[in-house]
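Should a chain be cited, it is by its letter among A, B, C and D, assigned in written order, with residues numbered from 1 in that chain.
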Amino acid sequence: AATSPGEFIVSRTEAPLDLINLIDIETRASRVLAPGAFSYIAGGAGDEWTLRENRNAFNRQLIVPRVLSGKTAPDLRTQILGTAIVSPIIITPVAAHGLAHITAEAGTARGAAAAGTILGVSTVSTLALEQVAAAAAGPKWFHLYMLQDVAYSAKLLRRARAAGYRAIVLTADTTVVGNREDSLRQRFQFPLQPGNLLGDDPAAPIPLARRTFESRLDRKTIEFAIRESGLPVIVKGINHPDDALLAIDAGAAAIQVSNHGGRQLDGAPGAFSVLPAVAKAVNQRVPIIFDSGVRRGQDVFKALASGADVVAIGRPVIYGLALSGWQGVRSVLELLNRELSMTMQLAGVHTVADIRATALQPAV
Amino acid sequence: AATSPGEFIVSRTEAPLDLINLIDIETRASRVLAPGAFSYIAGGAGDEWTLRENRNAFNRQLIVPRVLSGKTAPDLRTQILGTAIVSPIIITPVAAHGLAHITAEAGTARGAAAAGTILGVSTVSTLALEQVAAAAAGPKWFHLYMLQDVAYSAKLLRRARAAGYRAIVLTADTTVVGNREDSLRQRFQFPLQPGNLLGDDPAAPIPLARRTFESRLDRKTIEFAIRESGLPVIVKGINHPDDALLAIDAGAAAIQVSNHGGRQLDGAPGAFSVLPAVAKAVNQRVPIIFDSGVRRGQDVFKALASGADVVAIGRPVIYGLALSGWQGVRSVLELLNRELSMTMQLAGVHTVADIRATALQPAV
Amino acid sequence: AATSPGEFIVSRTEAPLDLINLIDIETRASRVLAPGAFSYIAGGAGDEWTLRENRNAFNRQLIVPRVLSGKTAPDLRTQILGTAIVSPIIITPVAAHGLAHITAEAGTARGAAAAGTILGVSTVSTLALEQVAAAAAGPKWFHLYMLQDVAYSAKLLRRARAAGYRAIVLTADTTVVGNREDSLRQRFQFPLQPGNLLGDDPAAPIPLARRTFESRLDRKTIEFAIRESGLPVIVKGINHPDDALLAIDAGAAAIQVSNHGGRQLDGAPGAFSVLPAVAKAVNQRVPIIFDSGVRRGQDVFKALASGADVVAIGRPVIYGLALSGWQGVRSVLELLNRELSMTMQLAGVHTVADIRATALQPAV
Amino acid sequence: AATSPGEFIVSRTEAPLDLINLIDIETRASRVLAPGAFSYIAGGAGDEWTLRENRNAFNRQLIVPRVLSGKTAPDLRTQILGTAIVSPIIITPVAAHGLAHITAEAGTARGAAAAGTILGVSTVSTLALEQVAAAAAGPKWFHLYMLQDVAYSAKLLRRARAAGYRAIVLTADTTVVGNREDSLRQRFQFPLQPGNLLGDDPAAPIPLARRTFESRLDRKTIEFAIRESGLPVIVKGINHPDDALLAIDAGAAAIQVSNHGGRQLDGAPGAFSVLPAVAKAVNQRVPIIFDSGVRRGQDVFKALASGADVVAIGRPVIYGLALSGWQGVRSVLELLNRELSMTMQLAGVHTVADIRATALQPAV
């Protein structure tokens, strides 16, 4: 591990990782990531108000401890879109894991598989999607940023299906990239080419249309993703009930409530704050995945009690990867599972279904 | 650029200005402005509670991201009082631009024209209103502090019309000057004479009645301004619905909701907080201009969604002028336009009219 | 002026005092007061939550600026219990002015008279009440802490009447002294004997019953004060509507809403928060004096708009006394008058009666 | 007193303790406790949000000062489960007093007896319960963490009865131990064996089942504790009205509203926030003991006014023990009694029953 001005050196460590929680890990990771890379990963849009609000929102709904339930050894197992997982915690797609560790998404894939959960693999992953698929046998979803190059987008979807990906995560909230100002201050430039977008000659520049996200997204984009992939499509970046209904009407197999970790529209509500209204509108017709701000077992519990079926985490996984490669990824997931288990026991619930039936108490 | 105790030296720079946002710019400008000048520009009244509240108020109304709209390339163009502008962002009148840059209001005028928007020129501008008019061809409004010297006030209005100004901005909220305490602590004295109030002998002192603001303002003042200028009159400094109605009844062509950037009555509500009630009372009979606290594209969006037709900014323009002359002014306006465009795209709206039809979500 | 550990030296300065506001003055005074004396004066009870809340409470009611009123030169004059005063701001009784300045209450009396307002003189003033009366001709009220020595209490009341005091302020909220913990930490001991309680031999110790406050106060105490003084009695320390009604029923000529500047019961509401309910119960049968936390002209305005007839200030007057003797006292009062005048003008009101008819706007 | 890395040295001081309040005492105690021990005692779970919220919750209900009541010398005496105590403040069970002082629970017992109140003695006390009983004659309750070794649990209950303990406090909220992260960071290990769990050979390791808490608790656990002890059983750790009803239905003689001082489920409401709903459900069928966050006389008052019969404190007692042995324990209790007495006098109430009949005022 090293940080070096003007040079990009990433961690190669794979030692076991002793974690206290997923808060401290950010500071620890900041010491092994190159400054620009850390800023890119950790930062949010604008004043980072929404980034902070994503955390604060959880403090407005509380979990009343329950006792005398006669329950023990909480059962965290669940499934999403037919894939069994050891807990309701999966990994959301994140760009360029190569910023964090020499093993890039291959490391994350090994860690996710070891922890028994699903990995989302980004359009702009460092490794090609086939390389990630080959790295570990665990379940994976491929993530699509719809590109201006439609044919290439279709090709990516077909490659994903061929490589064994089980679903497509279609990001709907990035029709323009948010103002990540700390990256601008640091004049951060991606030091790595995205493995999925390279042509036959990896040294050649990627054509503009292939590396430019499409800014005009609508229900036809969903239909395109379904048609070209033949896989279930999860529409990610939903904050408004009407958008959830639109996505479902267009055939989405699931939706992902997310504000992109506070990286897109600063001044948007905390993601946890919009979840109940979206869940009410969805009314269990499709599963809801929730991300943006989850760092604690109690956050997972609160999201599920507010209508989510599973939660997804991003940055903490990358921090674990940076600190210890696949072992760090596994440690992050297992720590969060332990926190969730403890929370369930202290809330007197035994299963994921019990969590979903729990009433939270509004903070006064 | 220089700061010097006991001596007044202003910036002469006109290099291109690389901006991150209109928050950082205040710190940057504080390094090139003379301390007393910076304090005069940046400060507010009393404890500066209202100054801070002007910013905080925006955080109580949130923008829910919208996706799958199929929209792209937001169209920011609009008009106000018949003048077409490239975006709903104009420049509010601010005193003594000569504190900030050697080019004074001439620099601001060139920047505003280059950015395609309207410049408000203050009664107490450093340059005479004719000089500002001659500096650039863009649209301008002349601003009146009603003076105790009524005849001179009338003369100013006629000069403004003759010089091609398209409207009059009549400040109604300064019948006594607020307690700007940091200026008192710094014993700040204006180092420059106001160009509009000079007599035939610029070295002679300005008569008291010509440099003393009238403290008794009412509907007759509005009628006076309309009559003497023959131009549309915008009444600036409205916070209460009844005052908006009074202004409209007296013939105002528009009103400007403003608390003078927190420089007048500390303990007043944030300007954004009073906007909805005023807009409801106005009921679209005249356009509403909004200022006080706007620093972000999301603020512009929220103000328009709360009833404003255009917003006006003051301090950031002066900071841009201090840092880079007319190029800085243009950069400030263009940056804010880009932020507004990004916000519109992420909120799924295409036009200014769409913004005005958007429902914000109250923060919980 | 000097501070000296182990020695008690007070300010003798009477130079003119240049004030910015009544916030900064506390820091300035802390430099000329002995540490223990400053702590005694500035401190509150317990965690000082109520001390801070007294200030914060004002931020929950806001003044909407009003324009186009046609009014100018606000008229601050008013009266209380038949005494005309130049503004609705008087001086509440405070112990031991001798801690602050060599002139003690004589200095305060001269300053109050110069500023045209009423001085409250404490039972435990440094100078005897007759000395204070002789120091300046302005109107004065005598303050009674009911003592366990009933006969001596009666004697004090008769002395006050004989010395020309116009009313009695009976403190009802000090049946036990609050936990002023900073004074305990500093092991503060009063360096001065209270002038009103001395016997014929000033060097002899004061009998315990004469320097011990009575802890059993009720309507009979009010009746006692009325009977023995023959003067109007103001009951000070009211926070609950029922206590206001009890006081009025027992013959109180006025009540003073106060939590003793946060020095008695920590965990009590901010005094400004309880004012409206008390005012509603009183329903204008007797005047209401308000103290606890007033530092700004806008605070005076808000208190009057919430039901008070006049406000009283304490600590800022002592700070002015410490910094400049009688000139400091006058400066404090005049500054606050100027702030109130500015606030009235910007709120579009002309008289004290207009303030009382103004609706505040709750902060959101 | 000493702190020493790598070595465990405890205080032996028994000098009189001069206290200002129970806030400062934590800092003072941190200087005499070994760092790991201090962290173990002072820390809470997770982000310590609930730990802080336990304090903050008290600021949302305020005590309106009352005057003219004619009352003096408040009477703090009360009783709980038939035991007369000098005030409604008792000592909650806390593990391992030997971390704080060489006298361990014997010191606490002497201090509690001197102060005239009840001591809770933990299952995991440093001294054996018989040793604590022999140390002082004051009333004591024995606390049970139900162990996986059921027979040993029964034996403990019978030993407690034989030793003269008057009631059993059954902790229901620790079916898994909370994530006390600062202890993890400090790699804190208990340096002492729990005196109650030792076998005939104190040097031999304690069997796992005897030192492992049972994670499956229900009404049968309550019935077991009642049956085996023949004593009244207080169920501790109640936050939800339904759990209170369940405990009462199973025969609990009292319940203790507590979130274990913020040491178990972070993200739980402040304990004071849940008290009113629990008290309403209990409807005076059994007494309610309240702990978690009580540091001030006003907190005691507010808890009693919200439905508690007595309050219990933990950490401050341990801090007093660390600073001055039994004298420190007594000082802590007596200080809190004095604060409660002052609060009662300033609130115009005379007895504990009066407190319970007082309406608090919600903070705005």
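The definition used in the following text is that contacts are C-beta pairs under 8 Å (C-beta built on N, C-alpha and C of every residue); 3 or more make two chains touch, one makes a residue touch a chain.
Please read these numbers as outputs of a predicted model, since none were measured by experiment.
J.: Does the chain A and chain B pair touch with the same residues on each side or with different residues, judged by whether over half of the numbers are shared?
T.: Counting which numbers both chains contribute, under half are shared, so the two copies meet through different residues.
J.: CA centre of chain A versus CA centre of chain C: separation in Å?
T.: 60
J.: Per the centroid of Cα atoms for each chain, what is the distance between chain A and chain D, given in Å?
T.: 43
J.: Which chain D residues touch at least two other chains?
T.: Not one residue in chain D touches at least two other chains.
J.: Among line, ring, star, complete and other, which best matches the way these chains touch?
T.: ring
J.: So in the complex, which bits of chain A are touching chain B?
T.: Spelled out, the residues of chain A in touch with chain B are 46-47, 49, 57, 60, 172-173, 175-176, 178-179, 181, 184-185, 215-222, 235, 237-240, 243, 246-247, 250, 259, 264-269, 273-274.
J.: Within the complex, which stretch of chain D touches chain C?
T.: My answer: residues 20-21, 23, 58-59, 62-73, 296, 298, 301-302, 339, 341-343, 345-347, 361, 363-364.
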